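Every chain is named by a letter (A, B and C) in the order it is written, and numbering of its residues begins at 1.
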Amino acid sequence: MDSLILFLIGILSIGAIYTILCLALNLEAGVDGLWDLGIVSFFGIGAYTYVLLTAAPAEHHQSYVLGLELPIWIGVLGAAVMGGLAALLIGAPSLRLKREYFLITTLAFAEVIRQIYSNELWLTNGVAGIYGLAPPFSEALSPDARHVTIFALLILAVAIVYWLVRACTASPFGRSLKALRENEPLAMTAGINPFALHIRVFVLAGAFAGVAGAFYVWYNTLIVPGQFVADVTFFVWTALIIGGIGNNVGALLGGFLFIILHDALRFLPLSNDMAEVISSVRTALIGVILILVLRWRPEGIVRERPVTIPVRR
Amino acid sequence: MEIIVFGMISGCIILFGALGFSMTLKAEGFINVAHGQMLLLGAYLALAFSSFGLGMVFSTLLVMVCCGFIGVLIYRFLYSPVKNRGILVLLFTSVGVAYAINGIVGALAGKRVMAYDLPPVRALRIDDVPIMTIYELMIVGFALVAAIAVHLFLTATWVGKSIRAVADNFDLARVRGFDPRRTSDYVWFIASALAGVAGVFSGIIGSLHLGMGWQQIIIILAATVLGGLGSIYGVMLASVLLGIGMEIGITILPSNYRTGVAFLIIIAILFLRPEGLQSLWAPRGGARI
Amino acid sequence: MLEAHDIHHSFGGVKAVDGVSLSVPPGRIVGLIGTNGAGKTTLFNVVSGYLRAGSGRVTYNGEDIQGEPPHRIARRGIVRTFQTPTGFPRMTVLENMLVFARGQEPSVVRALTRRREAGAISPDLSDRAQEILALFGLAGKRDVWAQDLGAPELKMLEFARTTMAKPHYLLLDEPAAGVNVALLDKLTEAIFRLRDEGVTFLIVDHNLGFICRVCEFIYAMADGRVICEGDPDQVVNDPGVIDCYIGSASGDR
């Protein structure tokens, strides 16, 4: 298949994964006002769960637990469940803290978890990561066809997540979340229980991020702790800020746009040194764009707009 | 014993970074993620200066001045205009600044690990027991000087008092004649200069690499939280304790968990006693220095 | 019956409320006045559940509600307003109303399962909201963000919200603050209308004229204590009250 097409499919696949993360982050940070700097925690936990459930048992040069060779759908489900569970465990104590403290705590948890992946060889094969993971459908399809199929599945996944997230935001649940974001004391006198709602949305976002993690493994066929650094969290936030925080379309746009901007240059064949410089320039560019967007268009490209509520007839 | 000494040394380096971080946190009210990259900038600038043959000491001083000015410029042009948009916007603007600095330094200097061209020295000895090298001794000395200087600055000078006044009550300070804008300039200059120095010292003790900024900001964050967010004296004490604590920590846990220990400390403090060490001498609910 | 028993509260050594008891019988409009610093806001925050008193009890129909979180108190049917009626700025007027409507359960499961229904509201709900909005002159602003409304409209929206909620007890926090005479009349009208529909009021304000016009029974506070309690005539003629109000902005009668 044409290498350009394949490259595009690859970029859009990653874009889809980021978009799912953006939709999750938007739900907890845009609709509800949680300052979560630890979304990569659930991304990583989902990814590792998927691997540990679906991979073959560890061979002599690698060491990790489980390796149950379960079907991919169970792996994805497991990723969602573990992502949500982790969110429950982290959120229960953390969501009781003040905003600034919550922010730091989520960041801290994300880093501690990553260090656990890196250091606990018996659990995850440590820093070296786990390689040679068979991508889904590898027996049935040729590599090219497989890439296209995975891409199609990812787009389907984005559509489903979008559909679900939209249902949440349009409902009384979504309205209550927005109320908490806008004016928590007033929301309380309307009978809204802040902690109960925050933890629910945090768990939901964790589950979605976990699923994204499983898809990430599909795409990469390997898993390494270095993939789950805090940068991911910051990139997802950046993508959401650019796309438009507080609305789902903005999340959709932001996820794809960010990845396109970030990875477009990878297609060019460059020498090693040049590639290094370009990657640094890219980082700097992201920083500059973030600064500019926050200064001149903080609502993002797609602004949040007043909602017209339909009346059932 | 070695643990204590090395802990103290790393604590002093943390102190330089955390002191500035705490100052801007207290004065501006937001977490400046880019502070870690200011460290990086300082370290690499010193490398550049010394490669022009300027000598380490002079390079360090020059770095202080340069970083100080850059810090003020960043504040004036990038942070100040969005101040009224809330902490989150400021935080992410600082994330943007962090990426910008990291990218620029990376593009110019490359991703290789580097080191300063310093003559190797043997450790000074007491009773034939090696304690620390002359560089490390200088770092400790400078840290003490810096701590005392900052203390005097905040309590004895006009500018210092205005910083405290502005931090406590912006409007009241304005009425009393303190100029918040000038005050901010001073805060950012000092904080950035200290960060630059922290970077240089970090490079002397260890090596220079593009990830050092992020690595340090984590530890700085831990020290700040431990000391009590925004407490200057708390962070001084916390830096040293943290340095020693991390060294002790890696005797129990595997050494790769060094920064993990810092994070666990952050989590523990925030859950158990969010005011941090500051609560030992300040009343609950009161934001003091 | 909402009651406060012997409430004490200090802020860092300063006694804000010094042994105050009050009761709000059902169906009545009770007022709480005092100059700034008299302790009425503190007391109000204690009674509405937003502040935990140092000592004393707050009971509702005999049950101790002191220390309950505000949302639980709200679910009992005790709703309060806030001095600056910003509402929910980046939500529409209708959304502001719906948040306070009864029966809008914020359930995740419902949201995810009854997808088609969950986004829309019933015609009854919509009509009721529209009626109330019309009463307060906000009919045309249904889909406008609250932050795009003017200050008087925000005040009206606040009352519209609380009307939508139809609580048993409504605690009003300085409703007359910064409000002109015409608007004040409308507010008074709204209060009486709600009272006729069975809502009980506790109103705190320092506009003596307004309180006397609206309330049937008034507690007057100064220095953390109740210095006088009775119907408007009694309170207005009480020497202690007159003492406090000479020289302070007491509004018009």
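Keep in mind that, in the parts below, contacts are C-beta pairs under 8 Å (C-beta built on N, C-alpha and C of every residue); 3 or more make two chains touch, one makes a residue touch a chain.
The model shown is predicted, which means the values in this text are computed figures rather than measured ones.
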Among the chains, which is located farthest from subunit C on the basis of C-alpha centroids?
B
Just to be sure I understand: the centre of a chain is the mean of its C-alpha atoms, right? Then which chain's centre is nearest the mean of all of them?
A
Between subunit B and subunit C, what is the gap in Å from one C-alpha centre to the other?
48
Rounded Å distance between subunit A and subunit B, as computed from the means of their C-alpha atoms
31
Chain centre separation (subunit A, subunit C; CA means) in Å:
43
Subunit A residues touching subunit B - in the complex, by the definition given at the top:
35, 93, 97-98, 100-101, 103-105, 107-109, 111-112, 115-116, 118-119, 230, 234, 237-238, 241, 273, 276-277, 279-291, 294-295, 298
Please name which positions on subunit A make contact with subunit C in the complex.
163-164, 166-168, 170-179, 182-183, 185-194, 197, 200, 204, 246, 304, 306-313
Can you list the subunit C residues touching subunit A in their complex?
48, 50, 69-72, 74-75, 79-82, 86-92, 94-95, 98-100, 104-108, 110-112, 115, 117-123, 126, 143-145, 165
For the complex, which residues does subunit B have touching subunit A?
31, 78, 81-82, 85, 87-89, 91-93, 95-107, 110-111, 214, 218, 221, 225, 229, 254, 256-257, 259-260, 263-264, 266-267, 270-271, 274
